[in-house]
Amino acid sequence: MTVTPEQEAEIQAAREERSMTLRRSVPALEALLHRPLSVLDHGFVRVIDYMGDDAAIVQAARVSYGRGTRKVSEDAGLIRYLMRHRHTTPFEMCAIKFHVKLPIFVARQWIRHRMASVNEYSARYSILDREFYLPAPEHLAAQSAANRQGRGEILDEAEAAFVLATLRTDAERAHADYLALLNDEAESPAPDPARRGLARELARMNLTLNTYTQWYWKTDLHNLLHFLELRADAHAQYEIRAYAERMLEILAAWVPLAYQAFLDYRLGAASFSAPMLRVLRRMLAGENVSQPESGLGKREFSEFMAALGREA
Amino acid sequence: MTVTPEQEAEIQAAREERSMTLRRSVPALEALLHRPLSVLDHGFVRVIDYMGDDAAIVQAARVSYGRGTRKVSEDAGLIRYLMRHRHTTPFEMCAIKFHVKLPIFVARQWIRHRMASVNEYSARYSILDREFYLPAPEHLAAQSAANRQGRGEILDEAEAAFVLATLRTDAERAHADYLALLNDEAESPAPDPARRGLARELARMNLTLNTYTQWYWKTDLHNLLHFLELRADAHAQYEIRAYAERMLEILAAWVPLAYQAFLDYRLGAASFSAPMLRVLRRMLAGENVSQPESGLGKREFSEFMAALGREA
Amino acid sequence: MTVTPEQEAEIQAAREERSMTLRRSVPALEALLHRPLSVLDHGFVRVIDYMGDDAAIVQAARVSYGRGTRKVSEDAGLIRYLMRHRHTTPFEMCAIKFHVKLPIFVARQWIRHRMASVNEYSARYSILDREFYLPAPEHLAAQSAANRQGRGEILDEAEAAFVLATLRTDAERAHADYLALLNDEAESPAPDPARRGLARELARMNLTLNTYTQWYWKTDLHNLLHFLELRADAHAQYEIRAYAERMLEILAAWVPLAYQAFLDYRLGAASFSAPMLRVLRRMLAGENVSQPESGLGKREFSEFMAALGREA
Amino acid sequence: MTVTPEQEAEIQAAREERSMTLRRSVPALEALLHRPLSVLDHGFVRVIDYMGDDAAIVQAARVSYGRGTRKVSEDAGLIRYLMRHRHTTPFEMCAIKFHVKLPIFVARQWIRHRMASVNEYSARYSILDREFYLPAPEHLAAQSAANRQGRGEILDEAEAAFVLATLRTDAERAHADYLALLNDEAESPAPDPARRGLARELARMNLTLNTYTQWYWKTDLHNLLHFLELRADAHAQYEIRAYAERMLEILAAWVPLAYQAFLDYRLGAASFSAPMLRVLRRMLAGENVSQPESGLGKREFSEFMAALGREA
């Protein structure tokens, strides 16, 4: 993880600035507040601010149900009910703001989640540091033969060495040339006084997609859960999943009841289509249903069996 | 303002629950937190929770500009710059949650603002109290002759008496019949054991549009400013403007620098079209331009003159 | 269904105006275009315009997958795959615009779907017709005892007569008084020249929630499916479900492949939580699992059994 | 402009497929439909589909105003009124879908507009062509000294040659190494059978930010205007402005009345703050107000003078 000395000082200052509030606070999240959690080789995710907790979800749901909810005495039960029935608005009542440092190609996946607010470091305005993502050898995988958008086997040592050398060389050269193009008195290593520097908004196009960027990213709990459902999933690309997994730890600290309900009803759940449900009923009646007899496609049948913990 | 004893107890409890936090707090807003501010005859608006302050706007903008902003030393200046140039994302980094009690016809205008989260009291689930909005006499106005969607002169005493008597009688009868339709053992005044009560989700259709409802409404600062720009405007219907004005007081307590910039660059600003700018240049050159000479339509010309503080 | 003579003329005119286009058209939807489909006693839904078809979904998905999709030869299979895996953006590429006439209390549920565009008839500006929803006797139900937000048994004849008489009388009186308050020369039955009419934006508050309003409502196919999943569901209030069911007919005409996939993977599907999946595996292994042995709550267990077509 | 032979065939086929429709069509836009309009060195923008026209804006506005708009006889006047008063929903009733080919660093700016639907070519799934943006010499500018995020003077021939050689060499090497990492039998120039190819989702990180990508981008007219207001502005980076300018041509063909109103009331308009309006009134009264006397900041004063067509 690379935190600049300037950021380090900011974090220290923020961790020392305590205040008294009439808002609800979450001690387990306060313990993490401002602190960067390391992700990938130079990335991090840290919580900058938050609003609400498990009780805020319950409180919002009870406004809707009014006097009617007097009987629903237990918070955990209500949160589980809301999660099971995909009620979304009570979860929208909580918000969280992260500071994230991440490679540009990950940022490009991440930004597809539109229901969030973003302030990204601007390379039109400032100069990007010489930091780029190089995967650890255990994350260097061959193209999957079965799944066009997936990874297959891990590369062997020689293959990995070739890949890493290539990635490193190209990223380093691209960044060195970026600085040369900028020809910036303060930042370029050997500024050439005979030549004007290229505008920053142009020079940045020379950088590779594994260059690190950073942003503030704020969203509400409902949209965070949606993000995590997609990005903590086994089919997500490892590099964004690494961020999602750190954010799951943060979620557990922030809203432990919602977190557990999310694991049970979302991350660990499976959706069965009408045709799958028909097959399931035959199976429960004792029938042994093969794929051709099921009426399901091959891929669908194997997804179905996987959800049931069976071999296809 | 009508706060139920149950709500009163909740507010008291919330105001006594203090916690220490590493988040930034705003003392002036903490002083208002949870307390209902009266609006119209039975309505209120109160802040339930918030995230961020003026410094959070600045902090987010500085992430974008990176090292480049070292020179912009003054927060107020940066916030004014952001407001003037309609930068939106730094303002999205702050969030606020309100509890609002409001007449249904106001709620129907309010909900058109889509970039917000809402949990409304559900009349499918619970029974609505016998509370409806009756305008104060000084807010009872005749239909405007000039503006099809506006108010004209204030009604005289006799006219107002007729209106209020009608509104009151119809609302009271509709609510009494609502309770009779519900035929609820606990809530209806004279439940008839020989008859089953109508489902709540149906009975509610008998209520009039001035019946009060309530909701939690959460939005970010950018969208709040947009709401206030439209709803605190002189052309907004008085009843929703009354809420917007209370929320402006809250804004002033929460983010005083953004509030002042908002007054200067949004609420108090005027947009001049390309044709208006051409007329303006002629005027500045000393020409006296009448409406026919201006090339502007009559209505547009008079809007233009009004923005310049002149008579059309 | 009540279509004004003015609207009738508009519809006729629109149905006669043919044009040649290079856009893809859907003959089955063209046959319905502009025509109102009756809903409830005075309501309707009609398609005003649309963009895209099943092929547009496929085309958008293939842009994403690029050369990689050459092998996915079959459109239906690809659409089913997208639906099963909850890919959303290809469905967003189709759009549809409806003209809907609906009671205000239904409009209040409908508007909660934020990802849509709305132009509603403005009662600040114009005068609402004397039309209100009165349920057919078979839709008048008692409050459910089991489900606080549901309907129970159908009312008997005497109970229904009481309800209908009440609803009708109150709605008629409220509308008559609305006209009296407006005191509009053209629209009020007995305008009183001695009194000024109340502003429209105020008078409307006297109307009951079953008064009909109308709007243009435009959304994309993804958000339409989300709307239909919630509103065509058996737990939705009958009155909004009646609209959703008509819109399902429209969906079948517009995008027949997406429609069938939607029935199979969304409307007819069931989501099983991690704890449910564990119970299911025990059941498939031949175990007879009762609710207490399942570890599931009572309500959850009965939902689970219902999804499996078994009695709890 | 680089259109693949495959795309060329698709365009031809689409331009030959005519159908009869009851929807409103726009002949001037039909003439452009499907055809790519060239942008930058290899990019393009082309309209794939659309819904609505100027008349649809008017029709939606008239639903809101109901009988009240009978008098507003002229469509252009109503559209100008809506634009001047920033009414947004009638403009949301029109939609348009583009196919765009653009450099990744431009895509990263573009995607910040969240109210749109996107299907982007996936480099997880498919292999990106060897195409990257190299600015024309007249667009190679030095960093601005005055504006940290702007361009200054155009580079001279020698400076430009250095920049272009650097950009070209690095982009070519990065793409060649990308193909070597992929080691794809069909696509890599010299596949090495002794080595497994790196997963596509990883190999792509070696590409530079000027590599071209492509996507389908759909939005409504209101959000398109917002995009154009920001991106056709003189302060927008030239590379995205080049797309916005092409889209302005499309706008003029599609909705000529809205286009003209947009030029007058948005692109060509200026917003004057409350303090500016106070200065303006003094100026109109004949006073000669200097910056120090104005109470405005230096930058604000010079923006103000620029809007008035005066020197600061």
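We just call them A, B, C and D in the order they show up, numbering each chain from 1.
Here is the rule we use: a contact is a pair of C-beta atoms (placed from the backbone, for glycine too) under 8 Å apart; a residue touches a chain by one contact, two chains touch by 3 or more.
Since we're looking at a predicted model, the values are computed, not measured.
Colleague: Shared touching chains for chain C and chain D?
Modeller: Of all the chains present, those in contact with both chain C and chain D are A, B.
Colleague: Taking shared residue numbers divided by all residue numbers at the interface, is the value for chain A and chain B over half (same) or under half (different)?
Modeller: The interface of chain A with chain B is built from mostly shared positions.
Colleague: With contacts defined as at the top, give the pair, A-C or B-C, that has more of them.
Modeller: B-C
Colleague: Quick one: report the Å distance separating chain A from chain C, using the average Cα coordinate of each chain.
Modeller: From the centre of chain A to the centre of chain C is 34 Å.
Colleague: Could you put a whole-Å number on the gap between the CA centroids of chain A and chain B?
Modeller: Distance between chain centres, rounded to whole Å: 35 Å.
Colleague: Could you please state the distance in Å, as a whole number, between where the Cα atoms of chain B are centred and where those of chain C are centred?
Modeller: Centre separation, chain B to chain C: 28 Å.
Colleague: At least two partner chains per residue is the criterion; list those residues in chain A.
Modeller: Chain A, residues with two or more chain partners: 65, 68, 118, 122, 125-126, 148-149.
Colleague: Report the residues of chain C in contact with chain B in the complex, numbered from low to high.
Modeller: 103-105, 107-108, 111-112, 114-115, 118, 122, 124-126, 133, 135, 140-144, 148-153, 155, 158-159, 162-163, 166-167, 170-171, 173-174, 177, 180-182, 184, 195-202, 204-210, 237
Colleague: Please name which positions on chain C make contact with chain D in the complex.
Modeller: It comes out as residues 14-15, 17-25, 30, 33-34, 48-52, 56, 59-61, 63-68, 89-90, 92-93, 95, 97, 99, 117-122, 125-127, 214-216, 218, 220.
Colleague: So in the complex, the part of chain B that touches chain D is made up of which residues?
Modeller: Touch residues, chain B against chain D: 65, 68, 77, 80-81, 84, 148-149, 263-265, 267-277, 280-281, 283-284, 297, 299-300, 303, 307-310.
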